[in-house]
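After this come two complexes, each holding subunit A, first together with subunit B and then together with subunit C.
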Partner chain A sequence: MKRAFSSVLLAAGLVVLPLVASGPYYIHTFILAMMNIALASSLRLISLSGQIPLAHGGMATIGAYMSALLMMKLGLSSWLSLIIAGLGVALIATLVGYPFVRLKGVYFTIVTAFFGEMVVLTAQQWQSLTGGSGGVYGIPGPDPIVVPGLFTIDFSSKAEFYYLVLFLVAVNLAFIYAIEKSRVGLTFSGIKQADSLAESSGIDTIGFKVLAFAAGSFFAGIVGAFYSQYISAIAPDSFGFMFTVYTLVYMVAGGQKSFMGPILGAIVLTLLPEVTRSFKEYVPFFFAAVLIAVIFFVPDGIAGLALRTTWWVSKKLGMKHA
Partner chain B sequence: MSMGGLLQSLLNGLTLGGIYILVALGLTLVLSIMGIVQISHGEIYMVGAYLVYYMVAKLGLNFFASIIIATLLVGGLGIFLERVCFRSFRGDPDRSMTIAISLTLVFQSIVLFIAGGKPLSYPSPFQGVLHIFGVAMAWNRLVIVLVGFALLVVLFLFITYSRRGQAMLAISQERDGAALQGINIDFVSALAMFLGCGLAAVAGGLIGSLFSISPTMGSFALMKGIACIILGGLGSLPGAVLGGLILGLIDGILPSLTTTHIAGLVGFATIIVILLFRPQGIWGHE
Partner chain C sequence: MLEIRGLTKFFGGLEAVSNVDMTVQTGQIMGLIGPNGAGKTTFFNLLTGVIRPTRGSVIFEGEDITGKKPHNVAKKGMIRTFQATNIYPDFTVLDNIVLSCHLRPGVGFLETMLHTRSGRRKDREILDRSLAILREVGLDGLAHVTARNLAHGHKRTLGIAAALACGPKLLMLDEPLSGMNGEEVTETMKLITRLWEKGMTILLIEHNMRATMSLCHKIVVISFGKKIAEGTPEEIKAHPEVVKAYLGAGHA
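Let's look at the complex of A and B:
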C-alpha cells in the first residue's frame, strides 16, 4: 500500500516536472537523464545473462542513423522509423551476437567495444549514405499527434519531448521488468551463475545470450532514434566510446544487482554534475571519484545505499518495515 | 605502388607495429599474471609521453635519458597502482575493469589540468634519412623500430632465463600451483605492473617524437594494444608480438592505398573474423 502510494507520488512528480522546472535547459537535462535511465537499464538487462557489452553507443548510433535516413530518404513517418530503427538494431545485434557471445567475460566486452568503434568508422567512411564525419543535419522531429477536437501535440517545445521520452522510458522499464521476472529472466540468471551447468541441463545458452544482447540493444537503438529526432542532427561520434563507458558507470555505480540501481545511478550522475555546472571540466574527475568510492565502500551501489538509509531512518523513527 | 613507396609503407608499418607491440606486451603481462584487463594502460602510455615531453622540451634533457627516467617513474606508478587499486580485485574482472575505467578518467583529467588540452610535440633527436637501395628511410622511424625490437629481445631473454621470469610464466599458467611452490604472487604482480607500465612509457615517449601528444591519445593505443593481444592469443607473449606486427602492417600500408577509416575497419574486421574461427587467437591455446 505504502509502496503503491510512493510510486503514484513519483509518477505524478515526473509528470509535473516540466511545469515547475525553470527554463528549457533544465528540461533538456531531464531528457538526457531519462535517456540515460533507458540506456543503463537496458545495459543491465544484457548483464543479467552474465555479459557486459560496450557496444551501447554503437547501437544507439545505428538506431539514430537508421531512423534519420528512413525519414529523410524514404519519407517514412517518424513513429514507424523509430520502431524500425529499434528492430533493425536488434537484428544487427542478433547477427553479430552469435559470434560475439561465444567469447566469455572480458573478451566479449572488448569485442563489443571494437564493434562500437567499427560503427563510428563506417559512419565516417560511408559518405554517400551517412554524410561522413559531418553527420546528418536537419532531421525532422516526431510527427504531430492529433486527437481531433481535443488537442494536438506538435513537438515544438522541449516539454513535449520530455513527455515523449518519459513515455518511452516507462515502456522500456515495464518491458525490462517483465523480462526479468519471467522465465526468460530466470534462465538469464541461471546462465550467469553457472554457464556450463545451464547448458548441460538443456538450456540453449548461446541463444539466450544472443536474446539478451539483442533485447538490450533494441532499447539502445530506440534511444538513439529518439535522440536524432530530438536534436535533429546525428554525427558518427555523437555516442562515442566514452558515452558507452558512462552508461556502464551509471549501471555499476547505481548498483548492478537491483532493478532500481541503473535508474538511480543515471539520475544522480546526470543531475549532480549540473549542480556544479561552473566546474564542468571536472566532471570526469567527479565520475571517477564516485566510481572508486562505490567500488571500494558500497559494493551494492547507490541503490543499496538508498535502501539501507531508508531502513536506518525508519528504524530511528520507530517505524515498522513495510 | 612503386618499390620505394612500398618500402616506405613497410617502415611505417614496422614503426607502428613496434609501438603496438610495446603496449600489447604490457597489457598481456598484466592480464596473464593478475587476471585484469588494464583499461587505463593507454593512459599510462600517455603519462609516459608527457613526462618525456617535459624532460626533453622544458628541461632540455637528452632524449634517451628522458625515456629511461620516464620508464622508471611510470614503472613506480605501476607498482603503486598494483598495491592500492588492483591487488584487492585480482581475478575479479567486473570490478577491476571499473576501477581501471575510473583511473582512465583520473589520469586524463590530471594531465588536462596540468598540461592543457592542445596537442604538444617535441623533435626527435634523429633527423635525416638513411638510404637503403636508393630509398630514403627516416631515422626517427628506424630508431623506434630498433628500440622496440631490442626491448622485445631483452624481455624474452628475461622471461626465458631468469628465475623471476620463470615465476611469471608459472603464475600465468596456474596461480594457486605457483603459490604452493613458494612463488611470492604479490611481488611478481608488482613486477609485472612495473614492467608493463615501463614498456608503455617507452612506447609513449617514442611515439611523441613522431606524432603530437594529447591527453586523449591513450584510448587509441589501448584499442590497438587490446586488438593485438586478442588477435595473437590472450596471455601469449609471442602472440602479442605477432598481433602487433599484423596490425602495424595493416595500419602502415593500407592508408596509402585507401583511407585511414577503411584501414581501421579492416583491422577490426580481421580480428572479428579470426575470433570466429579461432576464439583463442592465432597463438593462444584453450
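Let's look at the complex of A and C:
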C-alpha cells in the first residue's frame, strides 16, 4: 500500500517535472537521464545472465543510424523506423551473440567492446551510407500524434520529447521487470550461478544468453533511434566507448543487484554533474570517484544505500509512533 | 537402455578414455568404479556431450546421441549430477527445483508476463511437483532456505533432487556420497534404492566401495581409461585385475 502510494507519487512527479523545470536546458538533462535509465537497466538485463557486454553504445549507434536512414532514405514513418531500428539491433545482437556468448567472463566483455568500436569505425568509413565522420544531419523528428478534436503532439518543444522518452522508459522498465520476475529471469539467474548445471538439466544456455544479449540490445537500439530523432543528428562517436563505460558505471554505482539500482544510478549520476555546469570537464574524475566510493563503502550501490536509509528512517519514525 | 561402443578420448597425446564398451539395462543400477584419475568423470562428460569423444558412439534408447549438446542429451532423458557445483547457491531450495523442472511442459513467456489463467495453473503444477520431489528426498522442511546455507549433505541431496526434477529416464550420479558422514551415506543409499524400486535406471560413479558393492547390480571397473573388469559385485571383488589396480601389483 505504502509502496503503491510512493510509486504513484513518483509517477506524478515525473509527469509534472517539465512544468516546474526552469528552462529547456533542464528538460534536456532530464531527457538524458531518462535515456540513461533505459540504457543502464537494459545493460543490467543482460548482466542477469552473467555476462557484461561493452557494446551498448555500439548498439545505440546502430539503432540511431538505422532509424535515421530508414526515415531519410526510405521515407518510413518515424514510429515504424523506431521499432524497426530496435528489432534490427536485436537481430544483429543475435547474429554476433551466438559466437560472442560462447566466451565467458572478461573475454565476452572484451569482444563486445571491440564490436562497439567496430560499429564506430564502420560508421566513419562507410561514407556512401553513413556520411562518414560528419554523421547524418537534418534527421526529421517524430511524426505528430493527432487525436482529432482533442489534441496534437507535434514534438516542437522539449517537453513533448520528455513525455515520449518517459513513455519509452516506462515500457522498457515494465518489460525488464516482467522478464526478471518470469521463469526466463529465473533461468538467466540460474545460468549466472552455475551454467554447466543449467546446461545439464536441459537448458539451452547459449540460447538464453543470446536472448538476454538481444533483448538488452533491443532497448539500446530504441534509445539510439529516439536520440537521433530528438537531436536530429547522429555522428559515429555520439555513443562512443566512454559513453558505454558510463552506462556501466550507472549500473554498478546504482547497484547491480536490484531493479532500482541502475535507475537510481542513472538519475543521480546524470543530474549531479549537470547541477554545476562549470564542473563538467571533471565528469570522468567524478565518475571514477563515485565508483571507487561505491566499491569500497556501499557494495550494493546507491539502491542499497537508499534501502538502508529508508529502513533506518522508518525505524526511527516507528519508534515515535509506538 | 544405454549402449556405449568403443568410446575413446584423447587429450593431446594422452588417452584419457580408451575403447570402452558398456551397456546399461533398463531398471538396473550400474556402477562405475576406478582409482582416482582413472577417467570416470571424463567418461560422464563424454556421455552427456560436455566433451566430444575422439572415437566411439553413445546409443541411448536406440538413438545415436554421440556429440550432441548437453542440453539436448538432457532432453532425451539422461540427467547427471556433478561432484562440485551441483546447486544454484543463491536460490532457495525450492527455486533450485523449480528451475530444474525446465523440461516439463514449460510456462510460456507471454503466459507469465500477462498472468494468464493457464500460466498460473502451470506455475501451480510446477510448484506442486517441486514440493513433491522435496518431500521424496526429505528436504521439504528446508524449501525456503537459501541453498548456499545448507549443510554439505543436504547440498548433495538437493543436487540429486534437482536431477529428479528434470524427469530422467537414466539418472547419472557422480560420486553422490563424497564428503558425507555415516548417517548421510545411509540416507542417500536408501534414497537411491527407493528410486530404483520405483523403476529408475541409475548409473553411479562412486568411491565408497561398500556402498557401490551393496547398491549396484553390475559394476564396470576402469583404470587408466581402460575397462579392466565387468561383472556382479561378487565377481568384481574376486577379480585379480581389480585387486591389482586398487592395491598395487604386489598383492595380486
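Here is the rule we go by: the second predicted complex is superposed on the first by the 318 of 322 C-alpha atoms of A that agree within 3 Å, B and C clash if a C-alpha of one lies under 4 Å from a C-alpha of the other, contacts with A are read in each partner's own complex, and residues count from 1 in each chain.
As a working rule, contacts are C-beta pairs under 8 Å (C-beta built on N, C-alpha and C of every residue); 3 or more make two chains touch, one makes a residue touch a chain.
Remember, it's a predicted structure, so these values are computed and weren't measured experimentally.
Participant: For A:13, decide between first (touching subunit B), second (touching subunit C), both and neither.
Facilitator: neither
Participant: In the superposed arrangement, does A:194 touch subunit B (first), subunit C (second), both or neither?
Facilitator: It touches subunit C, and subunit B stays clear.
Participant: Going by the contact rule set out at the top, does A:205 touch subunit B (first), subunit C (second), both, or neither?
Facilitator: Second partner only, subunit C.
Participant: After superposition on the shared chain, which partner residues are touched by A:110: those of subunit B (first), subunit C (second), both, or neither?
Facilitator: first
Participant: As a test of reading the superposition: which chain, subunit B or subunit C, is in touch with more residues of subunit A?
Facilitator: The partner that reaches more residues of subunit A in the superposed model: B.
Participant: Quick one: is A:183 in contact with subunit B, with subunit C, with both, or with neither? Answer first, second, both or neither.
Facilitator: The second partner, subunit C, only.
Participant: Applying the touch criterion given at the start, work out whether A:144 contacts subunit B, subunit C, both or neither, answering first, second, both or neither.
Facilitator: neither
Participant: Please give the residue numbers of subunit A that touch subunit C in the complex, ascending.
Facilitator: Residues of subunit A touching subunit C: 178-179, 181-184, 186-187, 189-190, 193-194, 196-205.
Participant: Can you list the subunit A residues touching subunit B in their complex?
Facilitator: Where subunit A meets subunit B, its residues are 52, 99, 102-103, 105-107, 109-111, 113-115, 117-118, 121-122, 124-125, 241, 245, 248-249, 252, 256, 281-282, 284-285, 287-289, 291-292, 295.
Participant: Show which residues of subunit B lie in contact with subunit A when the two form their complex.
Facilitator: By the definition above, subunit B touches subunit A via 37, 89, 93-95, 97-99, 101-106, 108-109, 112-113, 219, 223, 226-227, 230, 234, 259, 261-262, 264-265, 268-269, 271-272, 275-276, 279.
Participant: Provide the residue numbers of subunit C that touch subunit A in the complex, in ascending order.
Facilitator: Counting only subunit C, the residues touching subunit A are 48, 50, 69-71, 74-75, 79-80, 82, 85-91, 95, 98-100, 102-103, 106-107, 109, 112-113, 162-163, 165-166.
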